[in-house]
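Both complexes shown next keep chain A, but they swap its partner, so chain B is in the first and chain C is in the second.
Coming up: the complex of A and B.
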């Protein structure tokens, strides 16, 4: 084995080294290092992004052993994951000032979680996939419980861990069934086995378990129970991270598994995906109505959005995959922007998390309210904002695949969903302010995130093809979507 | 020297208001007054452009000022940024450009709180309205059509009356519910025809079984927007709670989007289904005309009364359009234009006295003709316009629409005739109660006549109402050729194409086998 064989994984290797170095540096530096480590972690993510983009190191290829390898698809997803993780670090920079949160492990854990996600999308076998997924999940469990003296945070971490372990068990069980039925865990081999004849029952059963495991990681209904509690209990920057990069990674992974090893089982997977999509959209829409806590609302909103994204995968084909990925490309700035606004909701340094705290925001902080209104309208899918185009793509894919009932259910549930997004706008614009104004926006980083996400959401309509063409090129490298 | 005629006039017209928005946003420190000035002059500039567009419009030229550029592509379908106008959309664009400065002027002193934001919302609204009427790409049309909800939701909710939250929600969710079904229909049509170009879709022959489903999906959207009975219930709420300028634009332009959609989409793209559903539309229009006129008779709130009268007038629009005769279609467009003037003016009139006495209760007023003679005179013109008296704008449209309906169904025309009588009853009775009688209600005698600004907003409308009544050919001549075409094509293509299965997987929906 040559050292140059490792080149396709250069960004991951770099991140792993950087993470370990920062761990050492933080240990020697003590608590005061948290923000410095955060900055360095951010720089590492930026460098990793550079490595992915750079033509010398950003090469595609498989590593010896066949468990990991990169292709256009994984490169594209990494180009989205890294900025999303970077934005999460930027948003948490202010959080790390707090004495109870000022620990350098935070950025390092985000770094390792991101590394796990990057390896997830590079996985070429179920073993590689499982190891990467666990690296990501374990980091996320700890992040959820990061405020260890806060009972809600500890509860969130424990809940996430117990249910996450259950999901990992399901996944592993499914993988073992697949292995038992075919004698291999490598995607390429599974593909040839499946292409040569009928699918053994064990394989289909294995796929069902694997899908259930993924659905849990995605927080797709009916495997979503953990999400609202975890979002509520976890520190807000952590919730912002949960809602962004891991969702994209999990959807990308699901897409990869569905299109590569299980490409021939599309007909069997479709009903499962349809049920997941429908249940997520419905649950996300109806359950969110009763929420008074902004982070719980965002959790249900995320469940709903995953439902819409899954419509694309249920539709299948090249268009379906493109639609799903485009939906997530649009979802990321929306949700990160919304969380940036939630992070600004503080009075005298105390975070406000009730919806009612946003009352009258348009009078006290007009720009912040305008940004939040933009994100909410976009999430509701009102044109000409970006969120509309996400829905447009998935419905187009659904109709193209003949899934009219699912599409009709989707659009009707989007009206139900609009109701609670409007509630946030109503509070900000129609109601009178209560008490003093929010504290000023913490740091220029948050302001920059707010401005850039808002511009992306507003400007998407001008050049929708920039994203669509990139997604088309990226998905073309997946075997089933070529 | 740039050739002026090669400029993308429609795009400039559409996005000029947004330039005003940017200017207002850039001048953070500027006072509300400056924001109002910017908004007013931007919209006046747009009106000037619209007037220039009218001057260059060729009635027989089909779609004009066409612009086309690649926009996006997905799933093998190319979407274009395509704009253009014909006789159907010309005057609706002009009406949008005309009513926006009128509204800005009307709320000059009325809106005290967050005036900057109000101006921004209005300019965004103008962009969306003009964009809707000029879009020739179906998805682009949908984007603008739906985009209207955004500013209007805020206008009702932020600057509205006490029940504004309920009204804003009702407006938004009703309209959205109708529109999302339209979105699916748009997508299905574009996938079937392989294009989103509306002019191409007008020539595409959709199988009848498809047309029925698609037509019903569009009905869901346009019927709510128009609004038609029985999905009109959001309108009285929205009108009563909206600020004066919001009501004006809602009645003047937003309702016309429904009528425009019916003609542009239902009649032009789905002629067979439109033929099949003529009876349904006639019945619904008839109920709308008579039932809402009766409802208007018993209203005690002026805005609510005018809102119900709007539903009745829109009944004439749908009746005329679905008569599928040239006269009926011309009438439909003329009713839309006349209603854009008259209902706007009536809402402005209500605004005038509401600003003085802060009440819309009809019973709170009486005898205004003696202390506000100028106001009473202008209001009389608008009332007669709403009644449809010959010599006012209302007459031309209603007459043509009824003529068109008569050619198809005598019963329909008879019901519409009944509606005209009822219309005269509730409007004249409203006028009698507010303007005649004794000037003895508390506070009424102290009300002053029109200010200069109020004159400036109402007088142009009054002049136009009379001009359109006396010399309708000014408007009708540019509308008629297009309407003749639409009617002839709709008739010719009413007999369906053979029911061939669509070329892609969508046939699974209609019971066909998997491809």
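Coming up: the complex of A and C.
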């Protein structure tokens, strides 16, 4: 084995080393280092992004052993994961000023979680997949409980941990069944074995367990019950991180597993994915109406969006995969932007959590209210904003695959879901402000995030083919395998 | 049939039966300390099953790590935290019909799957080689006709690898990636434990210059008029 064999994994190796070095720096630097470490962690993510993009280090290939390797799909997903994680760090920069949160472990844990996600999408065997998934999950559990003196944060961390452990158990049990039926955990070998005959019951049952485990991690209904409590209890920058990069990584991993090892089982996986998609869309739309807490609302919104993204995977084929990935490309800026607004909405330095607190935001902070209105309209799927295109492509993919009922249900449920997005806009624009005045936007970093996500959402309609073509090129390797 | 041939199945059913019973007792035992002790019993029986498979390394790891470290840690936690487990379980009886139904369906599915178990024809190519079995009491292969034959070990051939040796050969070569990432997972676990649980020692007698300088007389000195023969109420 040469050192050059490790080149495809250069960004990950860099991130792992950077995380450990920052840990040492933070330990010696003491408590005052939190924000400095945060900046350095952001720089590390940017450098890792450069390593993914750079033609010398961004090569595709498999590492010896066959458990991990990169391809066009994983490179593309990493190019989205790293900026999403970077934005989460920018959004949490202000949070790290608080004395109870000023600890340097926060950015280090975000780095390791991002590393886990990058390794997840590079996995080429169930063994590589599992260790990477655990690296990501374990970092996220700790982040959820980060405010250790806050009972709600501790509760969120514990709840996430217990249900995450259950999901890991389901996943491992499924993997063991698949191994028993095929004698291998490596994706490429699974493909050849699956081509050798009809899938026995045990193998299909194993796949069902694996899908259930993924559905837990994705918070797709009916495996979603942890998500609202965790989003509510976790610190808001952490909730913003949860809603963005890990969702993308988990959907990308699910797509990879469905298209690579289980490509021959598409017919058996389709009904499961349809049920997951339909239940998530319905639960996201109806349960969100009763919510008065903005972070719970965002949690149900995320559940609904995962439902729409799963429509593409249920449709299958190259179009389905492209539609799902494009949906997530659009979902990331919408969610991060909306969370940036939630982080900015404060009165006398206290973060607003109830929906009714947003009443009259447009009177004192018109730009902030306009940005929130933009994200909400986009999430509801109002043309010509980006969110409309995301929904359009998944519904088209469903129609092409002959899933007319699912597409119709999706359209109807997105109309239902529009209700609570529009309610936020009504509160901001048509209700009288109550109590103290809103604080100004805390820093230029958050302002920059708001501006850039808003431009992406608005500008998508001008060049919709740009993103669609990039997604098509990225999925060519995976869709070819199916 | 030779009596010696009956020993491995008898041992297997003994280990497996006690394992299942002990696992059940872990869940239903009223005293949490008994639960942990039954867990240790379950670990020992699982180790016995591993030994019968000729996998002595997992067997000893199970005893050293799980019995020696994890179960003892559990015992400490259970004894020191003084949690009222009966109180925790009080609400559990309300959901048992649902739990029982889901569990029964799952068990029925798994039993049916296991009864009709078959692997894909291409799976044979993936099975590396017969596992080293000279440590097993007696090992069998099933011939295509459905007969069981004892594996013949070559007498003068190269000495087959032991289980530990075989694991050592692949752990740092073919599986180095998983090994390293598992190391990172442990690092994150350590960071998490320190982040969530470590607090600076309370009552530490170290000098905090900032606090000393910012201390004002009004914070700590009170002037009282005390009459003769009476005390001061704090």
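The definition used in the following text is that the second predicted complex is superposed on the first by the 478 of 482 C-alpha atoms of A that agree within 3 Å, B and C clash if a C-alpha of one lies under 4 Å from a C-alpha of the other, contacts with A are read in each partner's own complex, and residues count from 1 in each chain.
One rule holds for everything that comes next: a residue touches a chain if its C-beta (ideal position, glycine included) is under 8 Å from a C-beta of that chain, and two chains touch if they have at least 3 such contacts.
Keep in mind that what you see is a predicted model, and the values were worked out from it rather than measured.
Novice: Applying the document's definition of touching, compare chain B and chain C: which contacts more of chain A?
Specialist: Looking at chain A, the partner in contact with more of its residues is C.
Novice: Tell me the contact category for A:418 with respect to chain B and chain C: first, second, both or neither.
Specialist: first
Novice: Does chain B (first) or chain C (second) touch A:114, or do both, or does neither?
Specialist: neither
Novice: Can you name the residues of chain A that touch chain C in the complex?
Specialist: Residue positions touching the partner: 16, 20, 23, 63-65, 67-68, 103, 105, 108-109, 112, 115, 119, 127-128, 131-132, 134-135, 138-139, 141-142, 145-146, 148, 157, 177, 180-184, 189, 192-197, 199-203, 205.
Novice: Please give the residue numbers of chain A that touch chain B in the complex, ascending.
Specialist: 319, 322-323, 362-363, 366, 377, 382-384, 388, 392-393, 395-397, 399-402, 404, 407-408, 411-412, 414-415, 418-419, 422, 425-426, 429-430, 461, 464-465, 468
Novice: Please output the residues of chain C touching chain A within their complex, sorted ascending.
Specialist: Spelled out, the residues of chain C in touch with chain A are 109-110, 112-114, 116-127, 173-178, 181-182, 184-185, 187-189, 191-192, 194-197.
Novice: So in the complex, which bits of chain B are touching chain A?
Specialist: 70-77, 114, 117, 139, 142-144, 146-147, 149-150, 153-154, 157-158, 164-165, 168-169, 172-173, 176-177, 180-181, 183-184, 187-188, 191, 504-509
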